[in-house]
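Listed below are the structures to be examined.
You will see chain A twice below: alongside chain B first, and alongside chain C after that.
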Partner chain A sequence: MQRSSSPEIEIDTRRADTVRRTLWYGLVVVILIWCAVIPVFDGNLSLYFAMMMWVTLATGLNFIAGFTGYMPFGYVAFYGIGAYATGIAVKVLGMSVYLAIPFAGVVGVLFGLLIAPTLRLSGIYFAIVSLSLAIICQRAIALMPEEVTGGSLGLNLGVVTVREHGYYAMLLILVAALLTASWLARSRLGKALKAIRDDAEAAEALGVNVTRSRLYAWLLATLFPALAGGTQAWFTGALDPQTAFDVLVTAKTVIYAMAGGLGTVLGPLVGTVVLVWVDELIWRAFPVLNNFLLGAIIAALILFAPRGLIGSLTRRYPRLRRYIM
Partner chain B sequence: MTDAILSVDGLVKRFGGLVAVNEVSFDVPRGLIVGLIGINGAGKTTLMNCVNGIYHSDGGRVVVDGHDMTNHKPHEIASLGVGRTFQIPRIFHRMTLIENLMVPVLGSEKSDAELTDMAEACLDRVDLYPLRGNNGEELSGGQQKLLELARVLMFDPALILLDEPFAGVNPSLCRIMIQQIEKMKQDGKSFLLVSHDLTSIYRLSDQISVLNQGEIIASGTVETIQSDPAVIEAYLGN
Partner chain C sequence: MKVKRGVITGIIGPNGAGKSTALKTMYGFLTPSRGTVNLKGERVNGLTPSQMVARGVSFVPQNRSLFNDLSVEDNLHLGCWHFRRDRARVSRAMDRVYEMFPVLRDKARDLAGTMSGGQQRFLELARSMVLEPEIVLLDEPTAMIAPKLSRELYDFIATLPEHGVTVVLVDQNVRQCAAVSDHIYVLDLGATRAEGSSEDFGDDEDLKAMIQEWLDYEID
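Up next, the complex of A and B:
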């Protein structure tokens, strides 16, 4: 049989695994060290914080959009809820901010659980309901008593928190998100999710518990934005309903993740880093045309690389698939 | 029948006013291949979808291996050992062939390495081994049919529902498929086989049922079906 007579292929596959793992963990370590030393050398803290936050958000979105094909247009709700859970925990409950972030994560996941029944909807219906829920959250928080949420003015945390610590918290969350993504891609849950994305009915007919697998992906996708939102509130020291539930947060996350390639582990990371940098460079060079140029670049990307940078690369060179996921 | 792996009793499925499956009853005895034939739109695929839970039926019972599985979820029915292929192949386009074969065994206790070996062996049985690292979307229509069969091999179910497995597959690969089906039957598997390829279905089936406008109009051995005037009129047209 041709199968057993090709030992070099077996070796090749094993080598590809090693190369992939080395590349991946190497990359995570480089990012970790790079971001970790920025504050020491007095680098552009805000830019790097933003970069880490967007990568985390894009990676979190990938868990549901990339792995199961659900596009939550109301993704920002979890970010906003995380921010407010942190704000309320610190200002109203007097919790330490270091505890408030995990608390925000729990609140985000609980909210995700609460609205999990919307996963029964599919495609555009899910997207629209998700968007409406985000808007409802924003209004509800703005209308709550001022002693709790600060009303439409928001809350100010600046006096009780240290900005640099918030920066490092974001770094930890980023690393956790990347490791989760790399675990998921290789795990059986990840395979179930990809099968569901490609054809849920066929996956179910083959014994995959679609409802349960989707729920797990959903909870992962709600955890990271909640953590990121909380940490953003910590880092900036302030939060208000307008910015915490800004639809642009969802839009940017979706664009960054798609630019890199949904459904790949590297995609959201690469897409975010590239676009955030491009944005920064254009902004420095052409302050007036900034948004116009960025829009043109994004349109061109979607047009010429509809599966994102990584997705298109692996489509052109299928052999690469074994090295980068 | 005493030892049936699948027993369908008075099954009804309506789409609005259309009765696609009308009070259908039949058994698939353990270890045998039951062929199901009928003209386009007779209700064969609908019947299969009711058996494996993709459709909610409007009446009747589906009993798998002694368990009443009427209107249970497809994954529950699958976990009792019911595998199937689809008339129009439904493979996982953005997963590699190996990953495609992993899907039915995600709950297995075997290690990933063992399962990968098994998947490679299954791909080899349908001549797809060289393409194992490609994505599903890179397969031709016929190759997709073969991949579906390999997925069933991997699944190793006790009862296998095959909906038009030979459509669009070239004769030499058809022969491979027939061999695989015969081999699985020797291993004790039972089949419900739908096909318009009468030569293959007559060759493989132990029993045949003929479906016409949602009703079974004849059942029996290949010989009785071939000479049944009602079948000839409904199916072969005079």
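Up next, the complex of A and C:
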């Protein structure tokens, strides 16, 4: 190996780090301000709420799917459990909704801890077991006493909630999810998780505790959908087993995250914002053909940019990696 | 099999002799069905690789073990995992390894997967060195790399005992392995057939004939 000193390279690297962080945190601040003032200037609160919720879900999914390679097809279970934990906390336990949301997060994480042994499985086996658990949760909630979960009809929280407060709660959760993602990407844990994803045996050979690292990623991935599900229940004021545990929630989350690029912090954010906006525009212009057109766009995206928008961009222009979180 | 401190011990033998299995057993990837593994008088059977790392042992496996989607720097940082919370030590270890392999500093931000096969092998070796190990287990370090890089790599391995590092080296390349090793074990079908220095082997016609047989087989 040839010797060479390279102070210029070090300076260049530091500059790239600074640019990357500035761009990312600048983007988070812009999102925060933009979403914070939307209720004042725009009446379409539901669209922006949905956007924030899907970005949160896609970012949460990225913690486990992007950083460790596990694809939880039953991801909606945590969203549904968060929604029901909030509903039960408010309606049955008489808790304030402001406390019910953190309570939902705790319940989601505890449920994640309970089913953490499924992480021993891998690939399609993990995905199938995860999906089965979501279906079991849906059936269990529907069969529980009506005075607790409202049975198959669900719960109505409308009288105890303020919609705008739910909107701002979602904004806070979104920002927390984005900051957690940027921390994870830069942290030792994030690097260890990516190493485990690439080659678990090699990571173990370096002393990385594979089981514990996967568990941390898993618990982070369970927290945010539970918070998002609880806040969705708060915002809409109603929940039922069919919509709270709808497998389409998982499907959309996976598509949005993959459209942007799993494994990057920016990918799920970009993928979700682009597809939610495209969905909205198509729906307005072609109310009959909207699903057909959206499906065609997603298929084209997966065909021509299989690593997602950000993943494909950095693959084509590797130097951009230095500026993208 | 005994490995002396501060020397290079080579393990040679034909395919299927159990060379890699021996290294993996020493490192805790495999549990021995018979016998024991002792490290400085301590029985280490059943210890995990992570626990072996904590005892100053590092391992470079035969197959590529780099994390291709991580940068060179991140790969090296993962080598510091055992003492990751000691920032001063991590910084010292990184400086030291960049001094040993200056080209890696230039490529610090490059993805490991974009490097050539030879550079990747050096990176793997560098990653095993950031731990500042007492013992390095090297499994076929020159497999599938160009002859020039192979020589450079062996030159580097030969210097490790000067830094107080004990090396256990497995290689199909008998000549190169014998040239750098202070002591050699010849394995066949999971058993030690012979041991000694490369000079000792020079006097043993039967052993020379056996090794020649493998070499002829490899050349063919």
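Methods note: the second predicted complex is superposed on the first by the 319 of 325 C-alpha atoms of A that agree within 3 Å, B and C clash if a C-alpha of one lies under 4 Å from a C-alpha of the other, contacts with A are read in each partner's own complex, and residues count from 1 in each chain.
As a convention for this text, a contact is a pair of C-beta atoms (placed from the backbone, for glycine too) under 8 Å apart; a residue touches a chain by one contact, two chains touch by 3 or more.
As the structure is a prediction and not an experimental result, all values here were calculated from the model.
Once chain A is used to superpose the two complexes, chain B occupies space that clashes with chain C.
Contact with both chain B and chain C is seen for A:318 once the two complexes are overlaid on the shared chain. After overlaying the two complexes on the shared chain, residue contacts for A:165 are found with neither chain B nor chain C. Legend: residue contacts after superposition of the two complexes on their common chain; A:207 is shown touching both chain B and chain C. Once the two complexes are overlaid on chain A, the chain A residues touched by chain B in the first and by chain C in the second are 1-3, 188, 191-192, 194-195, 197-199, 201-209, 263, 318, 321-322. Residues of chain A that touch chain C in their complex: 1-6, 9-10, 13, 16, 188, 191-192, 194-195, 197-199, 201-209, 263, 318, 321-322. Only residues 1-3, 188, 191-192, 194-195, 197-199, 201-210, 263, 318-319, 321-322 of chain A touch chain B when the two sit together in their complex. Of all residues in chain B, only 52-54, 73-75, 78-79, 83-84, 86, 90-96, 99-100, 102-104, 106-107, 112, 120-121, 124, 129-130, 133-136, 138, 151, 155 touch chain A in the complex they form. By the touch rule above, chain C contacts chain A in their complex via residues 27, 29, 48-50, 53-54, 59, 61, 65-70, 74, 77-79, 81-82, 84, 101-106, 108-109, 111, 114, 122, 127, 152.
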